[in-house]
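Two complexes follow with subunit A in common, the first pairing it with subunit B and the second with subunit C.
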Partner chain A sequence: MASFLRHYGSLIGMAAIVLFFWIALPDTFMTLRNWLNISQQLSMLVVVAVTMTVVMVMGDFDLSVGAMASLSGVVAATLFAQGMPVPVALAAALAVGLLGGIANGVLVSLVGILPFVATLATLTMFSGAAFLVSDGKTIFGRDIPQGFSDFARSGLPLGTWGDHPVLLPSLTLLAVAVTFLVWLVLEHTIYGRRLYAIGGNVAAARLAGVKVSHLRLSAFAFTGVGAALAGIMYASRVASANPVQGDGLMLTAIAAVFLGMTVTRDGQPRVLATVAGVVTLGVMDNGLTQLQVDSYVRQVLVGAIILVAVSISALGRRAVRL
Partner chain B sequence: MTGFTRRSFGRIAGLTVATALAGFGTAAFAEGEKVAVITPYLSQPGTQFYVEAFQARAQEKGWEVNVIDTAGDVAAVISRMEDLSAQGVDAIVLNVDPAQVGAGLDAAVAANIPVFGMDAGADPRIKANITSNGYAMAAETSVYVANRIGGSGNVVMFVFDAFPPVQVRGAVADAVFKNHPDITVLDRVTPDVSDGGIADSRAKMEAILAANPEPGSIKAVWAAWDQPALGALQAIEAAGRQGEGIVITGIDANPQARDAIAAGGNFEASVAQDFAGIGATTADTVARVLGGETLKSNVIYVPTRLITSANAKD
Partner chain C sequence: MPELRLRGLVKTFGPARALDGAELSLRGGEVHALMGENGAGKSTMIRILAGLDNADAGEVTLNGAPLRLGSPAMAKAAGLRFLHQENHVVPALNVAENMHLARPYPQRFGLVNWTALRQAATDALGRLGASHIDARSEMGSLGAGDQMLVRIAATLLADEVAPWAYIMDEPTAALTGAEAAALFRAIGELKAAGAAILYVSHRMDEVMALADRITVLRDGAHVATRDRAETTRDEIIRDMTGRDMATLFPQRMASSGSPALAVRDLRAAGLGPVSFEMVEGEILGIAGLSGSGREVLLRALIGAVPRAGDLELRGVPLAADPAGAWAQGLAYVPPERRTEGVMPRRALAETVTLPHLSRLANFGFFRQGRATRLVRRLAEDVRLKATGPNQPVAELSGGNQQKVLFARALAGDPALLLLDEPTRGVDVGAKFDIYTLIRDLAAKGAMVIIVSSDLPELIGLSDRIAVLNAGRITETLPAAGLTEAALLTACYKRES
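Our next item is the complex of A and B:
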């Protein structure tokens, strides 16, 4: 019983939050429609957070993801506005993400700059580039192809509810696919295990023959591409792109990974735990909005919940050491 | 010992979360119509005026108003609209371009929740957009210019046709000036607005002043918003030509423009939107629709006010 609580204390806390909203909002919270909504709202954050998990496994992190999401969105939209076919524009936006991620990787692993400093600098550069590409304007309306904005509203039909069709949103499916892919890489490949080895003890990993700098470099490609994909998803959802729209994703993604780390047995970042962290944050947003809690109070509460969860996890670990 | 410690932490965690949330949960069971106001721009001064006036009027009506600020995040506006559609509020008021939140509008329509725009833009899924009439604002200032210069002389226009709300202002001024046979539009300038619009407008105006050195060769500057008017004012003062009686007008009556108008120099007039009036009228419009009325027009204009040195300090 004690060990059950030890391992699942945080998960129980998360379940308590869901249970609370279920009781407070008996008719509207625990419905299929609401959860499909939440899944769609969180899809962009999931993509950024699970790819962020890849670098956080090694103890690194990437501050440039939000700026990259903004940049990829305006790159795609600018190419749309110039009449490029949708697949070409999307490929270009993802390529920008890949290049940006590799640049971060080179700075961190080959040049040897601290991830905080390196990605803070590239954050500024990506953000500046987003303003340059878009001229500081919001690109919307006829410049955005109908098919592209329709993607965010499309989904797999699940049936009908009342007289409205219920869809499993395409954005959700995309986020699930990315999560599955990253989970496969981290949990079921030698590559993934080596990343965890680096996170556990760099020196030991190096002595064991792990090519640390190559792996660190390549891991940043995940965050770059993930951020670019999230930026494209965001642009599709709002049928427009502006040079700051993805910026908010970065802090929330890092918070989600930390929240997820409180769930795992050894306090390490795990993909599914990150998803649990994202869902907790999303449920708070959804539930508190439905309860008509003031949006500023909501922000304070969400921050407080993160602190409570992380504090419990830290105190718990200390108690073990005592 | 460790087991006990961990277990207590777990319990404390559960309790803390539950009590924190329970305190706020009570709001959900209050009386009255539930109306949500969603904006990504609450920190902007104009938006605050709308929202405060809306809240004041809503309080008189006994509504329960939930103001949601997504702090610049437009996708979050869609998310909150979806949340509210699931919850079933009585009305949603938006302060964002409807073209960017189509998915949220679909969710609200599907849930039969009426959506209103507070200076938002038109969309078939919005019951009504309550805003200022850009045509009327431009008519106020362009007619002021025409009257002040006695219907004759050279006028410089500052326009921005790429942005639809500003384009309509230029179109109205074109018509007014064209209707006076003795008024000549000397130049129709589109300033570069990436620096805010004042600096480039000043540079453009300096070039025009240099090209027209004769006193009286420029009678007026009509600007489609305040920044180019302020730039033109700086150019005229820097060139030492403020004594020629060149009349300058802007639109929006921002604080800097009001100061310049109050100072009694060349910048003589601008037009102020009634932000508080837009907020209050939005609340009244929501009440009409909730009361079962069908609106004939989905755009409702709130009157604006010409600002001159007589009322710039109000």
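Our next item is the complex of A and C:
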């Protein structure tokens, strides 16, 4: 029983949540339109969470991703405002993510600071930098090129619904592409196998010839770029950028990875499990909003669900060990 | 005088019988040595005494009354105290606080009474003849020997149950000569105060100097309990090994290959300069006490610690990092398999393939099918008992975990195999498999360097044995005809 709960408890819980909203919202929840909407809302979170998974397989984590998403959004928007071509501005924003990620990686792997401390410090710095770059203001309106904000509204036509075309949002496609890429890297390359080895036993990995500090550094760089990409996606979706708009992504992304870890057989972070975690959190948010549950109550409920899932998984694991 | 008796203990782990009728009687006022080869059942017996494992059968009595030992708390209530090889201390707290970790701090008005705390610690240290240790110094600043004295002194503090028996498992493994001498004085004080000491050690010299009685276990069974005054080293060694060496160690091949490894002036922290050469197919044993640099030597060869010197394998300079060394055909089986070797909670295939990932990939993409086939073949070669490549390593017995590491080492068809304590905690059956593997590999031309504290093993397997003393090779002896006593004497000999 305990092992059944451990292996399938979270999956059953996730299915139960979907079923609950399906019954509670018979007309609006289980519709293509709603799910396409959810997928677009979640696309940024998916990108942050799956790239966060890259560092979490090593047992590390990165607290600076939310601040980095904010920073990259305002960097792109500020460059737009100064008349830079869109590709150049986007490349610059991604480069900021890469540099920030490398900075985290250097602090963690070469200097040897705990990830918690190192990324908490860079979180503060990235956040401050976002205010400096944007002068503390929201950049919007004519400063944001039409082509950039149109991207978030575009999509792959799936057919029509009455007069409206039904689109598979470009942001969703982008999130799927990033997920596929990270899945490929973590599950099917020797780079990914080595990251999992570091998480499995860092001393053994080192003696077996794994270049631990190089890999840790590069993994943090990966996560930094993911956060920057999410920031750009966010800016495109709301056609504006302000210095705090990505901040909320960090805690939810870490929560999603933990939620995903309750699904995997061996309790390790896995990309597809992370996506399941993101979807669970997103579905709850969407469903509770539609049920007009107060947003503060919503927060309490989401936190409680995370605790329940992780507790069941932890208790199940302990029961198996006894 | 209190007396603890263990009779007819049986304990099985899966198919392996760790204890098979073990016996022991421990009396107050004696030092009782518990001896046996690796895997003889000493650790299992201690784990049962400590309440960490339950025996499947057998009886434990204290002063004739049955004693239940189901948990560490029960062992403590029976007056037993355990000192393991590793020191369980909090380095950042001071000596007095470390001594009070498991018991209430003296208090006054609800606040810690620091003066009384220090005084109690100082008194206890004094009773142990360890007054040189200041109760106020930081625990982390003490050497391993002083830390051990502090932990023994802690048991002398007032407690609900006064301890009467001390179980010490290889207490001198990490100690210098002077530290060991201080420990022996402390043991003398405890014994004089009427305490019993169960002293588990491989070191014949220590046992012959300290023990009043000696109990020998072999393959989990009781062989003999002898008075030290009426026995000899040879008799004890016969008790421990029991069998004819020739049956345990496979036939020795004559190695007469061409020179293939040259090590000149190798230096690392606590090692060197060390120079030696090896020929193809040779097995070189490294003997030495702990702290002699034997562990560092292998780590320096695999490139896991900073090193200097000229090292050449088949004419090519050796890479100075583990990744390069594995790629060049070195393989390393570390001494601590759980913390440095395997990934306990992961599929055993992940541990086996880890150093060889580059060769198991196309353009960076891992070839799962090829890896699985390799792991299956190797598992068969090393006679691994596992349900399959995906079984987590932690579910395997110690011997099979060690075989996982051997499979990993063999995966690259190594030119030079580095083995540190290759059969520590391994049962006799698996031991024989491992010995056969080592011999087969050497017969195919690979060179093997073995570090082991198990002297019969070293003599039985090696072609030559280099003796390390204080980081240098003091002697290199041919293994054929070498006796354990002669080798031990060489280990103890100080450089002139």
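As a working rule, the second predicted complex is superposed on the first by the 316 of 322 C-alpha atoms of A that agree within 3 Å, B and C clash if a C-alpha of one lies under 4 Å from a C-alpha of the other, contacts with A are read in each partner's own complex, and residues count from 1 in each chain.
Note that in this section contacts are C-beta pairs under 8 Å (C-beta built on N, C-alpha and C of every residue); 3 or more make two chains touch, one makes a residue touch a chain.
Computed from a predicted model, the values in this text were never measured in an experiment.
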Output check: A:146 vs subunit B and subunit C. Expected answer is one of first, second, both, neither. What do you get?
neither
Touching A:160 in the superposition: subunit B (first), subunit C (second), both, neither?
neither
Can A:308 be said to touch subunit B (first), subunit C (second), both, or neither?
first
A:82 contacts which: subunit B (first), subunit C (second), both, neither?
neither
Residues of subunit A touched by subunit B versus by subunit C: which partner has the larger set?
B
With both complexes overlaid on chain A, does A:200 touch subunit B (first), subunit C (second), both or neither?
second
Let me check the overlay on chain A: which residues of subunit A are in contact with subunit B and also with subunit C?
none
Of all residues in subunit B, those that touch subunit A in their complex:
1-7, 9-10, 12-14, 16-18, 20-22, 24-25, 27-28, 34, 36, 64, 66-76, 78-80, 82-84, 86-88, 97, 99-103, 106-107, 110, 194
Within the complex, which stretch of subunit C touches subunit A?
302, 304, 321-327, 332, 334, 339-346, 350-351, 353-355, 357-358, 360-361, 364-366, 368, 392, 408
Given the complex with subunit B, which residues does subunit A contribute to the contact?
2-3, 5-6, 9-10, 12-13, 16-17, 20-21, 24-25, 28, 31, 33-34, 37, 40-41, 44, 135-136, 138, 140-141, 149, 152-153, 164, 234, 237-240, 244-245, 248, 285-286, 288-297, 301, 304-305, 308-309, 312, 315-316, 319-320, 322
Looking at the complex, which residues from subunit A come into contact with subunit C?
188-194, 196-197, 200-201, 203-211, 266-267
